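We just call them A, B, C, D and E in the order they show up, numbering each chain from 1.
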Amino acid sequence: MSATLEMAASVAIDDVSVRFRSKRAEVTAIQQVSLDVAPGEFVSIVGPSGCGKSTLLKLVSGLLKPSSGTVTLLGSEVRGPRHDIGFVFQRAALLEWRSARRNILLQAEMRGMNSAEAARRADELIEMTGLSGFENALPHELSGGMQQRVALCRALLHQPRVLLMDEPFGALDALTREQMNVELHRVWRETGTTVLLVTHSIAESVYLANRVIVLTQRPAVVHEVIEVDLPGVRDYTATMARPEFASATARIRDLLGAATGQE
Amino acid sequence: MSATLEMAASVAIDDVSVRFRSKRAEVTAIQQVSLDVAPGEFVSIVGPSGCGKSTLLKLVSGLLKPSSGTVTLLGSEVRGPRHDIGFVFQRAALLEWRSARRNILLQAEMRGMNSAEAARRADELIEMTGLSGFENALPHELSGGMQQRVALCRALLHQPRVLLMDEPFGALDALTREQMNVELHRVWRETGTTVLLVTHSIAESVYLANRVIVLTQRPAVVHEVIEVDLPGVRDYTATMARPEFASATARIRDLLGAATGQE
Amino acid sequence: MDKVRTDPWRGLVERSWRPAALLAACLAVWHLITATGLVEAYLVPSPAKTFGLLADKWSYLWGHTWVTTYETVLGFVIAGVLGVLVAVAMVYSRTVESTAYPILLFAQVIPKIAIAPLFVVWLGFGFEPKVVVAVLMAFFPVVISTVTGLKSVDTEMLELAATMGGGPVKTFVKIRFPAALPHLFAGLKVAVTLAVTGAVVGEFVGSNEGLGYVILQANGNMDTPMLFAGLIVISVVGVLLFLLLDLAEKLLLPWHASRRGAAVTTLLAKG
Amino acid sequence: MDKVRTDPWRGLVERSWRPAALLAACLAVWHLITATGLVEAYLVPSPAKTFGLLADKWSYLWGHTWVTTYETVLGFVIAGVLGVLVAVAMVYSRTVESTAYPILLFAQVIPKIAIAPLFVVWLGFGFEPKVVVAVLMAFFPVVISTVTGLKSVDTEMLELAATMGGGPVKTFVKIRFPAALPHLFAGLKVAVTLAVTGAVVGEFVGSNEGLGYVILQANGNMDTPMLFAGLIVISVVGVLLFLLLDLAEKLLLPWHASRRGAAVTTLLAKG
Amino acid sequence: GGGGGTTSGSGGEAQEVTLTLNWYPYGEHAPFYYGVKQGIYSRHGINLKIQAGQGSGKTVTATGAGQTDFGWADTSALATAVEQGVPAKSIGVYLQTTPASVQFFTDKNITRPSDLKGKSVATTAGDALTKTFPAFLKQNGLQESDVSIQNIDPAGKMAAVISNRTDVLLGFASDQGPTIKEKAGKDVGYLRFSEFGLNYFSNGLLTSKSMLQKNPELVKKMVAATQEAWAEAEKAPEAAAESMKGAAEQLPSPTVVLEQFKTTLTLLHTEATKGKAPGVNSVEDWKKTIETFQQTGIIKEASEPSAYWEESVAPQG
């Protein structure tokens, strides 16, 4: 990939709409959304339930084709499933016959990664996400939050240049979630990965991101883009106490309130 | 059921332990937990991911048998699955061949409820949870949060005397979640249902409950029980601003921090 | 997303051209191997002769076709109903499972034609023994796949059902059975083809009508065109019954992933 | 939770007493109906006579049993491998699916015993035609269930695989195929019993060895003890092969819900 | 099978040759086993391998297709096959009187064809007996509608008669009769077609046209040996029947085998071939047989005997 392209947007969503048709009804999930994500940028996406956030991530990964508009990823147009990414689905989607560790290593096997290296990294991630002791447990022997952490490890294993995450921490308790936030932020800083994170936690969206995209109720259009003006290295408690943090979360809360028809 | 029993605890967990054994390992999920829930009480349960919260609810419902100890529900010992409850699982668990509405009505069909009455109530709940327009969508055509709301409606349909909820709002965005909290609190107040709610949101646990049970890291024992001293009718924003609310959440956060090994 | 198809004719043409082309190719090969004398006429007749005979003797064959079809359908329906009932009993009771399995296996493995004298003596020469053989042949796949299907249902859904207290019957009707339908249909599809074979084998054992009788007679006369005509008619009956089941599956299980699957495959294939 | 079972003997006894009791009951009934003359000896021999013959002619039957078992296993393995390959091709290619399906159906529906003479003429009296008939009989259930299994795989897992970019081969090996295994085993179980029947039917048509030869000859001589001895041996072969598959399934798919299911059923049944 | 046909001429190693019977071994086949045991075949340079067959039709087809060197099958099946183009030819019919007969327990009080009126008849669809039966009825002043025909699997026929599901069965006197007699312990009566005005050729030896062309010497040796074997067996029926013991495991009981063979011996000649060696046929008999086959619909058109019978290698003695 050329240097020019490197400098261009990592993810470019250009005037994209998505309509789902079934026998019963037609649903427009996304309407003329445009969005550029710079290389190494961390973008959070928030919006009302059912507005089209998961749909947006699937578009970027090429798992779904837009009804109109184009998506560009790492310099080339997305025309089918892309694997130059890491994707955490909203559901854990684990293979029920593989242990936690082997579910994580699936990523390595599919990509033909060096297995010793992959194993080392898997163990690191298991350690980091607090799954030690459950490496050999089958998915049905894991709690909901543990399953989600396995899926997270799987998406991080190959150190993707672009990371798409669909509520990766939804099933975690508040404190584990904070730990994971801190870890994710560290990983992001250290690797320069481009991240698109769909989340329901406003605090999380602000703490982690450079920018927060607020989507409206379905059909989703971009309601507002909040630039997060926080230092690169963010201590969790200190960040929460900052006025920029408070103002950003308040603003998002307002926007979402409007979007969900509350207020 | 006699009046005396009515007055006794709605749910009584007495010195219960749960051990899971598999070929690989033995996990003690719950260790000598005792807990009484009064009729009409709203109890939240928080604890680190994988500590045994879901296991606890399954014990109460009779879907799991304790390795030792006894569980009593509505005056009779739990010896097998009980259906004098409503249960929201951690995963939505919808029948993929039934539309949203028919998934909700499954509850009525299984219980042989009056169908006109059930249909009316289902429509009410669909309206309340903002699913209008998606009554006839199949589960795979719904977003994650929408699926979760369908599962919620299903558990509420028959107005159970005891409601067990395992992170019912985990896949909802912050604002929708607040709306749901408010609705649930209203329903609880109006019906006098006994509620056991597992949640990862500390704010939610305090806003909704009379008592918050904080569990420790696995094997789960009861770390502390926080009595929530808030008025019966709770306005959302006003409640959040109260000092009792702040102190309760801070205390829980501390306890969880200790439990998850952070601090 | 993909365009919704609006022209039904185009769909039909799209779906049928490949089988049609295949059929044409088969006929061509058949014609060639017989025309060039690669395979002798006393073994395989020419397509022209076979179809000529089919046309000539149509009314004769038609009558026999009805007999066999009747026996097949009856046998299949009985096998389907019985098979599902037995499977249910096996899934719900360990005792039934461990006692019924060996019996079923035994009944399945025994070559039906070897016990033909028993059928003749016990059931006579009417349509009953044919239906019995058809049932015996078709029964097993239904049981095996229904058992697998009923056991494959998501345990969480069963737990859910338990908290709703509908009892085993409602749980079965509303959750287990629908969830097992994709498996069941796979079993039924195998069963219907075996029911055809069963009816024909039953006719071999003893009968004065039906396509099995026609074939046996043709075999005795070394009348290969008649033999092949009979085989073709049997195949058509079998294929039609199979397609009926396939249609039923499509109508009953529009939700099943094996039907949805196609769209995703196409999408992924383009990546 | 339930106690972990530590005594392997108790487990064995618990699993076997029911089939054993059933077997004893069957033998008792068999003895009674023959001893009381309810069923005549020219139709059903007494168990004593049958087992006496089995013991006497053991070495004779043993040789034929090997022949049939060899044909069966060979036919089953070929049918299994071919069936899976065809199913995979059908799932991955619409063209193959719509062209192969009719051929398969056709091959399945035709009564093998009617076309078996062709095999004899083409392939002689050796073991080849028997293996061919066994393959033809066993093939279809493998294809149908593998296709159903491969199509039933969770679409989200396929999407996941696509984002990992392993390509179709790895996706198949690591995700689709393991996910289809429970279906595949259901098909294989039906297939193995049909392979036995196929081998025997092949032997009916032309052979000088194998259990089909023994049975048909016994039938011709009205030698019912020999007939029943042959049927018993065939059943034992079929049941043993089936149990081997069942064991393989248990070892390979300990994760599958149909195995886990039992625990939940027991639990729920007590409610 | 298919071993023969490469080396010709006499002397040297005994040549491996396969013979496929019309059915599983029963008493009728005793001469072949006797011939092997007495070393008659090996004296003619033939190492004979006897195989079971599953019906005359299949044996004829397999012989024509070269899957076996020689076959032992019914002449009616041969005639049908030849008309359909199967390249097989008779090299001598041994059972020149048909064993075809109506068989029944004597307690049915059937003594004449006319007694069959209103009786149910078990037969097998498509076999020669079924086709000649109407001619037998007609010859004796009956019509097909006078009896009720029931098509049953060969093994089922016997069970049907023993269990009274049908009154009589159509079969070879040398085959089912002795068996059901033994099983039911009741005497069996026969109405032989040949005794009631209908005779035609039955089982005989056959081979493929290509064998006749490529290896006439072997065919001649086979014919000579077989002729000798049958002649020897005729002289010592007990020893012949005895010779089957051990050669084939699953035989009918020795008494049944002997009775089957003795019955067979009554069928070897017609008026024209009386006193001649077994397997020697007369052209006239062939013509009569062909005529009967044509009349009964076994073949559509009658050809010259040479179309079915290779006289040049057939025994003339």
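By definition in this document, contacts are C-beta pairs under 8 Å (C-beta built on N, C-alpha and C of every residue); 3 or more make two chains touch, one makes a residue touch a chain.
If you want to know which protein each chain is, UniProt gives these names: A, B = NitT/TauT family transport system ATP-binding protein; C, D = NitT/TauT family transport system permease protein.
It should be emphasised that the depicted structure is a prediction, and the values quoted were computed from it without experimental measurement.
Homomeric contact chain A/chain B: same residue numbering on both sides for over half of the interface positions. The chain pair with more C-beta contacts between its two chains, of C-E and A-D, is C-E. Computed from the mean C-alpha positions, the centre of chain A lies at a distance of 48 Å from the centre of chain C. Taking the mean of the C-alpha atoms as each chain's centre, chain C and chain D sit 18 Å apart.
Chain D and chain E have centres, each the mean of its CA atoms, that are 39 Å apart. For the pair chain A and chain B, the distance between mean C-alpha positions equals 28 Å.
Residues of chain D in contact with at least two other chains: 43, 117, 121, 154-155, 159, 162, 204, 216, 219, 256-257, 260, 268, 271.
Multi-chain contact residues, meaning those touching two or more other chains, occur in chain A at positions 20, 62-63, 81-82, 91, 138, 140. The multi-chain contact residues of chain E, meaning those touching 2 or more other chains, are 61, 65, 155, 158-159, 163. Within the complex formed with chain D, the residues of chain E that make contact are 1-2, 20, 23-24, 26, 51-54, 58, 61-62, 65, 67-68, 154-155, 158-159, 162-163, 179-180, 183-184, 249-252, 256.
Residues of chain C touching chain E in their complex: 40-43, 113, 116-121, 124-125, 204-208, 213, 216-224. The residues of chain B lying in touch with chain A in their complex are 20, 22, 24-25, 27, 46-51, 53-54, 90-91, 130, 133-134, 136-138, 141-146, 149, 166-167, 170-179, 200-202, 253, 256-257, 259-260, 262.
Those residues of chain B lying in contact with chain C across their complex are 58, 61-63, 81-87, 89, 91, 93, 95-97, 106-107, 109-112, 138, 140. Considering their complex, residues 154, 156-157, 159-166, 170-171, 174-175, 178-179, 253, 255-257, 260 of chain D touch chain A.
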